[in-house]
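Consider the two complexes below, in which subunit A is the common component and subunit B and subunit C are the respective partners.
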Partner chain A sequence: MTLFLQQLFNAAALGGVYALVALGLTLVYGVMRVPNFAHGGLYMLGAYFTFAGLTRLGWPYLLSLLVAALLVAAIAALMERFIFYPLRDAPHVQPMIAAIGVLFFMEAAIAHPRVFGPEFQTMPSPINTIVNVGGVTVTGQRLLVIAASVLVVFGLNYFLKRTLTGATIEAMSQNRQGARLVGIDTNRVGMLTFAISGALAAVAAALIAPINLVSPSMGEVMNLKVFAIIILGGMGSVPGAIVGAFLLAFAETFGGAYISTDFADVIGFAVLVLVLALKPQGLFRRSA
Partner chain B sequence: MLEIRDLNVKYGHFTALRGVNLTVQSGEIVVLLGANGAGKSTLFRTLSGLQRPSGGSATWNGRSLTTGRPEVNVANGVAQCPEGRLLFPELSVEKNLRLGAFVHRRDASGTARELERVYELFPALVEKRGAPAGSLSGGQQQMVAIARALMARPQLLLLDEPSLGLAPLVVEQVFQAVQRVNAEGVSVLLAEQNAFAALGIAHRGYVLEGGQITLDGPQQALMTDDRVRSAYLGV
Partner chain C sequence: MKRVSWGWAALLVVAALLPLLRPSGYLLDIGVNIMIFAMVAYGMNVLLGYTGQLPLAHAGFFAIGAYTVGILTLKAGWSFWLAWPAAVLLCAALGLLLGLVAFRTRGDVFAIFTLGVGVIIMLVINKWDSLTGGNEGLNGVNPPAGLEAFAQALGLKLSAGFYYLALVSLVLTVVAVARARGSTFGLSLIAIRGGEDLARSAGINVYAHKLRAMMFSTAIAGFAGGVYAVYIGFLGSAAASPAQTFTILLYLLVGGLGTLAGPLLGTALMYGLTQALQGLEDYRFLIFGPLLVVLVMFAPQGLVGLWLRERARRAVRAQGRAQAQEVNRA
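What follows is the complex of A and B.
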């Protein structure tokens, strides 16, 4: 029972992080209709910027996280402007290849010996308290991950559902031509959506990095997982991304705990294959 | 006044519109008759700034409509209710309407007033205001599409095939609404295959065939023209 509860906390924290990264990816896909393979790169940059703020500049954790989120948001918006926007009318394979190129470029830049270097690094944990919840010991950082990701998801939901700017993102993903006809500047919405996706990825990375290690290739691993998640949930679907994220996190964590840690990733992707075999459109199929 | 002069539109090597001249005076309802593929929707897309012409000009009250920025055209008073409606299917009816007023987003009270007006024009939408637009019947979706265009407070309403796929009774309701909107001072350019209903409410009309205007004249002249009667009225 203790093991179960322990794993429950682990899975919730992992699911929260997956959800933040997957939400950005699914929003961008909904608006641009292009899978952003560089998304994992934004996640990785978020981790390194936070790391740099904490260790090199000696900033407090929260400040490092916020600055990292802003920087990555700006980079994501520039990426839209200078890579995806010029390729908007090109065959889909071109922006996809360009995005992979950007991912490799980011990795190479970070892995450069004069920047951060290729090796794994440990981010100092900002919260060292250990909390006892019903006989289960949970690190303060994990609780922070869970609380922060829930907060951000609710904030995002409020933004999308209750503000006009948020509505323009949903409108554009549901009918791009219709959005242009009512006078929505789809270029601005595209940049904004990229910026949000970058900020979400950076926040997720800043939250989980003190638990895991940071490395230049961390984005590639995350890429695989979040693409699996949004395929699982339905490409472009917001609730699909959230449900998919927690489904994958629970399958991985419990599979790892009760069967074998070596199989954690295998189990996650087995769930993906199973869902797609039964519901090829993903769990939350989009109408139209 | 809408003034279209020598308008040419090409898709690659295909010429969709050739030398189109057309005007809509302030306060008029002008109907544009034409079969599928005649170029009606291309003309409308061009007037909304979604399609750049290869030659010629289109202006509304002297302002160019061909700058390639749809949001500028909407802000200048030209709104389109497109063929196929292009609603936001998962958003509520009211959110669709509010997004129609996007260019007036800094004027909340004006938008609230306009919302009341369109609900008065289409009372059937009031009880559906919270429902996803995609869940409505075809006729109600058409009403949402027209109402969404009106939310932009246009001076010129471009209506592309509003009767497509609707039951005759609903078509009548939609056309009555168009007449009411026009009576309140909005000029209307109406593209239709349903020539009989459209000519019934129009002041003047044009016939578009193969991307060219082949005939134009006042309502009565078109109603009695043999070519129009055989090709579009089925008599």
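What follows is the complex of A and C.
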């Protein structure tokens, strides 16, 4: 029972991080209809920027996190402007390949010996309190991850549903032409969505990095997982991404604990293969 | 014979005579590698260039072909000449399995799904120690029986024997792809690329054609993998990595999607360039990454595509001039 509760707690923290990364990806897909393969790269950059802020500049954790989020948001917006926007009418294969090129460039840039180098690095944890609740070890960092991801998800929901700018994103993902007809500046919304997705990925990375290690290839693994999540949840669906994120986190954590840790990273794909074989549209089919 | 066929024939004669000129081992090695990876690019071209689906598991199938040959020859004592066709069949069968699930999805999801499958293949190869040797890989895959004798009969070294093995394989691949491209099957694939719904309304069984394209494509990857296994003699799971898939994708894009000469030209050019830039290992993807982006943005049709377009434009201009002359005469 203790092991079960411990896993439950860990899975909740992991699910929160997955949800943040997957939300950005699904928003971008909803608005631009393009799977951004470079999303994992943005996540990785977020981790390294936070890492640099903490260790090289000696900034406090929160400041590093915010600066990283802003920087990554700016990079994502530029990416939209210079790559995805010009390719918006090209066959989908083209922006996908371009995004792959960006991902590889980002990884190579970070892994370059003069930048950070290819090796794994540990990020110092800002919160070191450990609480023991009935045999369950609750680390401060994981609590922070859960609290912050819940906060961000609710904030995002408020933004999308209750503010005018947020509603434009929702409108554009429902119907691009319709959105333009009612006077929405679709260019601005495209950039904004990319910026938000970048910021979400960076925040997620900054939150989880003190628990895991940072490495230039961390984005690749995350990429696959969040893509599995948004396919599971239905591409472009916001609630689908959140549910998918927690499903994957639970499957991985419990699969890793009770079956084999070697294959924890691919359990998500086993689930995905199963779901796609049964329901090719994902669990939450988006009503178009 | 058309002019294009003469070009291929001339290229083949030059390539076949090359080892007789006793080039350095380094040059032969580059030649063999180019031919092996060009084959994988041809396989990918069947799906991406002709059918319009982006498959991202091809390095995985390449590695499955290579490991099948490695395992069957090393652990089961099979001859290469039996293990090689077995590897091709296995890759085709696995391609069918992948296609059965993956083609239930379309476009974007298909690419993501196959990328995931590619990573799973790499992880399985990396973790299945008892079969694949895991992290340490498989060492000492022997050259095919008779290859050395064949090379000696020509008065050449074993490396030249490998060169001819790769050349014959590449020729088989190009001929198979060219024939498929010219057949009703190939035309159906191109119709699918143009628009799935339109192809379906024209009476093409889209799902079945995609499955056949997938099997053909993964079989070619496995075919190339078999040659790679005996040539390199050492197998590691890195052969299955997504980075390998993307490198081949780059070769294909540089050469020209959906063209017959593109995969070979792109591989020769980019592999040659990579060898020339060997000292810049750290910078490789710093250059390749932006290159991919620039290519899809400004020259998505690749070098062969650019050339074909230029030729078409010239033909149109010549036609226009001829028409103008006729009008003048009348």
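In the analysis below, the second predicted complex is superposed on the first by the 286 of 288 C-alpha atoms of A that agree within 3 Å, B and C clash if a C-alpha of one lies under 4 Å from a C-alpha of the other, contacts with A are read in each partner's own complex, and residues count from 1 in each chain.
Criterion: a residue touches a chain if its C-beta (ideal position, glycine included) is under 8 Å from a C-beta of that chain, and two chains touch if they have at least 3 such contacts.
Predicted model only: the values in this text are computed from it and were never measured.
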Subunit B versus subunit C as contact partner of A:178, first or second or both or neither: first
Which of subunit B and subunit C A:91 touches, first, second, both or neither: second
Which of subunit B and subunit C A:170 touches, first, second, both or neither: first
Partner with the higher number of touched subunit A residues, subunit C or subunit B: C
Subunit B versus subunit C as contact partner of A:272, first or second or both or neither: second
Touching both subunit B and subunit C, residues of subunit A: none
Subunit A residues within the subunit C interface of the complex: 29, 34-35, 83, 86-87, 90-98, 100-109, 112-113, 220, 224, 227-228, 231, 235, 262-263, 265-266, 269, 272-273, 276-277, 280
Partner subunit B, residues of subunit A touching it in the complex: 164, 167-168, 170-171, 174-175, 177-185, 286-288
Interfacial residue positions of subunit C with respect to subunit A in the complex: 48, 52, 54, 101-102, 104-105, 107-109, 111-113, 115-117, 119-120, 123, 127, 242-243, 246, 249, 253, 282-286, 288-293, 296-297, 300
Contacting residues of subunit B [partner subunit A, same complex]: 48, 50, 70-71, 73-75, 79-80, 82, 85-91, 95, 98-100, 102-103, 105, 134, 148-149, 151-152
